[in-house]
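The same subunit A turns up in both complexes below, where it pairs with subunit B and then with subunit C.
Up next is the complex of A and B:
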């Protein structure tokens, strides 16, 4: 649709402003992560670029370097101690394991469930949306205390068994993400015409062959997009991870430990926070096209 | 031997019966078109033959074998869908050979059959392309290729041309007809387009609301429609259907206009009838008066829409006539081409 020039300008300015507002915190976070402490705590002004960039914060959180040593090496003064507590490599590893595991479990269940809901008739099929919404009504904190008890009883606490701890966290993330993943996958599967299934059946494929050889490859993009979303939700989850695990410290929980009794390590928080955005960012770039289509939940037909 | 026999087949969805006891014999090697408006049950009937819909009552036999409970893949049929239903992630050759691969046929045989099909359908240059890289017509040919490599007993086509543009549709119509001439495989073809039906079929089966209204060769249903519905449905522009009453002089349309009765008919004096005459079966110059409403020159012929006895009619002539709006001219129906239908039952009287 052609629009007039003034209208186009207004539209573009609005778009840039909105994106700017949303992007500013991320920009500020990234900027903070390369600031020395003196620039982070500037009481007299808002300091945008008047500082010498430093990668101390990344060095300490991502590469396990000693903060005091780095500070001395680079000649920008002494920091306080506690270097090892800020080494987040273990946390990143744990986050990766939990998030990938949760994504794998979620997607394995979601594609089958979504196929059934998209293609088969059964009682209660139409209530699925209510179930999804129902899951979203309840904030996780409402079930947190009983959940911790259940996990303790079921032996899913990492303090009892580290592997079960991982498994427990993956399971709760999978549970949390399943409704949205199924809903997304359903919308992608609904986009594959039923005729294709029928053509495959006439061609001699069994139901499972139809699913595996015909339908599934046609929704590869959708699977990737849904998986990325599930991964991001798992990657950024804080509350459940905080309560259900002790030994395992996923990145969001780790960041929270940088708020200490002796002060908040803003530089480290910003560095680890910025680094944590990167995987989500890359994944989203990769599946952007499918993600937008998926999030409209099939309402846009080509 | 008949290829497909349909005996008193019914289909219900819950309490709603959509196909009401259809009997139909499809001869071996014939091209049968199921024709009707949307919702007439033609696609449902085809899908029951394919095994994609269960049969509520009656029997379907393919090559003399009752197939009501046979899986689609074991019915020895192949189907072409309206939206092609190609496997988007497979190359053309894999689309065509999918059924053979599933049947675990030797690779040499698969290659040979795909080559053969590609040659028939002019798809050779496209075998290594993906469906998205093909035009609509080419995609439809791939769908046909997928059907013919299996060498089935019956081809089923479900409105295969309705997604194509007008020009391509005409071209594909010819191609499908040619393919049938060549392979002589029994074909059941569903469409709502009466031109497709007329041009391609050996036998047209006209359905409405789950009943067969008439079956016969294209010219039979065109020349001898069994009822008002068929008369109206077949032919473009459609037959003029004028309401009137039988008098001793002919059929009185109102406003004093009377049209002559055909020599043989079953109508009684005073009976309310519908007088049917196709636009091309008028003689210009004498007969009943009509007032011009619109003149449409199509090139080969002129379509004249006019008012006759208070009812709208269309007349076609290949002569170049110069008529203007509101001009009165005279039309004489060719008596051997006149149809009479009972006004209440719609059944043909002559």
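Up next is the complex of A and C:
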């Protein structure tokens, strides 16, 4: 297709430009996160590099530095106090706990279900599969309002009991991620020939032994890829966490509290935002190969 | 063969004879039960609860719930904000889908090359996908700020908007501002899927077409598009479902405003929930969203013969 050299150069330049445009917002946030306040709120021009880089935004949000220190450093008399309000270490911990817990629950439940769907013939198999898929079609808002009441009666609110609060949030994340995990695992399990199971069972292994000793090791990569995707979706979730918990503030919710009546703390927002996307970036590069399969619930393979 | 028959005698099922068959791992039940329990307790039960809730009327003064099955559902019909929210939701979904699909296809065609460096470009394109949408919303809020936002300043400098113009603060342009964040974040989704589709296409028809003297455009419309139709349909379905429940960007960037200019079904339900705590009515609107999603996606799957 690509014949002439000038045409190739045009294509290269276009490709780099397009990807560059898509990378610009990320670059801009990272840049904003190391800007002093005066450069962020520069109303005279768009300030690209004309500032002295500062790491105070990271210091306050990620290392619990006092906010008044920021005021002294920059010689501005604003925002004394309220330092803890911007210290996000607690939120990051909470996000990690909820995301890891949700991932563990989802995968534990999904791998078993996916094995049965992939390997066993039983009545209502397609109904079960549709039921799982149906969860993906359901807008979370449809169950959110009653969930708040149900959690209140069941004692799953974080204001009553922190541990139960974590549990409640993890379970609902697990539900939301169940379709992707089950269907993705089914697609990985379908790739393993059934002869493998039959051979093991003829040798006297039970279904469970076959599953644990023979099939599971063969889909390790698939489990890792599914788990990473579930983790990312839990890490980025906003609506459920916003409605269901008050004490537990995951990072996407925490960052909203930096919007205050006296003005938005853009430096802190940019710093926490940049920090929040780094784990996802690392993970996504790990599952690059299985990303398409994951995003299409196993229906397309790369 | 003696060895085989010996092992067959200790068949799995006989190892724990006291267990009923349906509880052993030979039966599908124990495998399916945990996921089914999760769905029943945290999915179906709240859904049934929501349906019941929608049949009650909340008395604003006494805060008592009275059984009145038609109250909320008839209220929807006369509530102009519901119609506005439905319109906004469809507008949001439609515009975002068209942009993401067209841009996604174009960028996929552009990046579908085996030459050096293109792999890195493709990997970079996936990065927006994993940013929390609520964070993306905040960042676009910063970039669209009327007085110091870099995008606003750019557009003002180009003469698109008058100086000091607030894109998100003006009713006519607020939706476009929110859509910008949405399109930026999820176009890479389409790029990835289209790339996977393009890479799975057979080479022969294209070679034959090239020999017959077909132009690149003819090859694209006559060969690529028809062969990609299944991939495109799946992508549109999955993306459409997610778009329809749009909440994060709207909540973060405009909080449904100004007025109700960017209010979607989900954000309206959220507003009722947080605002006047009329849980039955919030539930009804949430259920309405679910009903529309089911109707539209079933029709789509029937029309385009898609199966996930």
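Everything that follows uses one rule, which is that the second predicted complex is superposed on the first by the 248 of 302 C-alpha atoms of A that agree within 3 Å, B and C clash if a C-alpha of one lies under 4 Å from a C-alpha of the other, contacts with A are read in each partner's own complex, and residues count from 1 in each chain.
As a convention for this text, contacts are C-beta pairs under 8 Å (C-beta built on N, C-alpha and C of every residue); 3 or more make two chains touch, one makes a residue touch a chain.
Not measured: the values here are computed from a predicted model.
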(request) In the three-chain superposition, say which chain, subunit B or subunit C, touches more residues of subunit A. (result) C
(request) In the overlay, answer first, second, both or neither for which of subunit B and subunit C A:230 touches. (result) neither
(message) Looking at A:56 after the superposition, I want to know if it touches subunit B, subunit C, both of them or none. Which is it: first, second, both, neither?
(response) neither
(request) Identify the partner contact of A:193: answer first if only subunit B is touched, second if only subunit C is, both if each is, neither if none is. (result) first
(request) Considering only the touch criterion stated at the top, classify A:203 as touching first (subunit B), second (subunit C), both, or neither. (result) both
(request) Look at A:276 in the shared chain and tell me whether it touches subunit B only, subunit C only, both, or neither; answer first, second, both or neither. (result) second
(request) Please work out whether A:214 is in contact with subunit B alone, subunit C alone, both, or neither, and reply first, second, both or neither. (result) first
(request) Using the touch definition from the top, say if A:46 reaches subunit B (first), subunit C (second), both or neither. (result) second
(message) Let me check the overlay on chain A: which residues of subunit A are in contact with subunit B and also with subunit C?
(response) 201-205, 209
(message) For the complex, give me every residue of subunit A touching subunit C.
(response) 1-2, 8, 11-12, 14-16, 18-19, 22-23, 25-26, 28-29, 32, 40-43, 46, 105, 108-110, 112-113, 115-117, 120, 122, 128, 131-133, 135-147, 149-150, 171-172, 174-175, 178, 182-183, 201-209, 211, 232, 235-239, 242-243, 251-253, 255-256, 259, 264, 266, 269-270, 273, 276-277, 280-281, 283-285, 288, 291-292, 295-297, 299-302
(message) Can you tell me which positions in subunit C touch subunit A when the two form their complex?
(response) 4, 7-8, 10-13, 15, 24-26, 28, 30-32, 34-36, 38-39, 41-43, 45-47, 49-50, 53, 107, 110-111, 113, 115, 117-118, 121, 123-136, 138-143, 147-148, 150, 153-154, 184, 187-189, 192-193, 195-197, 199-200, 216, 231, 234-235, 238, 241, 244-245, 247-248, 251-252, 265-266, 269-270, 273, 279, 282-283, 286-287, 289-290, 293-294, 297, 307-308
(request) Would you pull the subunit B residues touching subunit A in the complex into a rising list? (result) 50-52, 71-73, 77-79, 81-83, 85-89, 98-99, 102-103, 143, 146, 150
(request) Would you tell me which residues of subunit A are touching subunit B in their complex? (result) 193, 195-196, 198-205, 209, 213-214, 217-218, 220
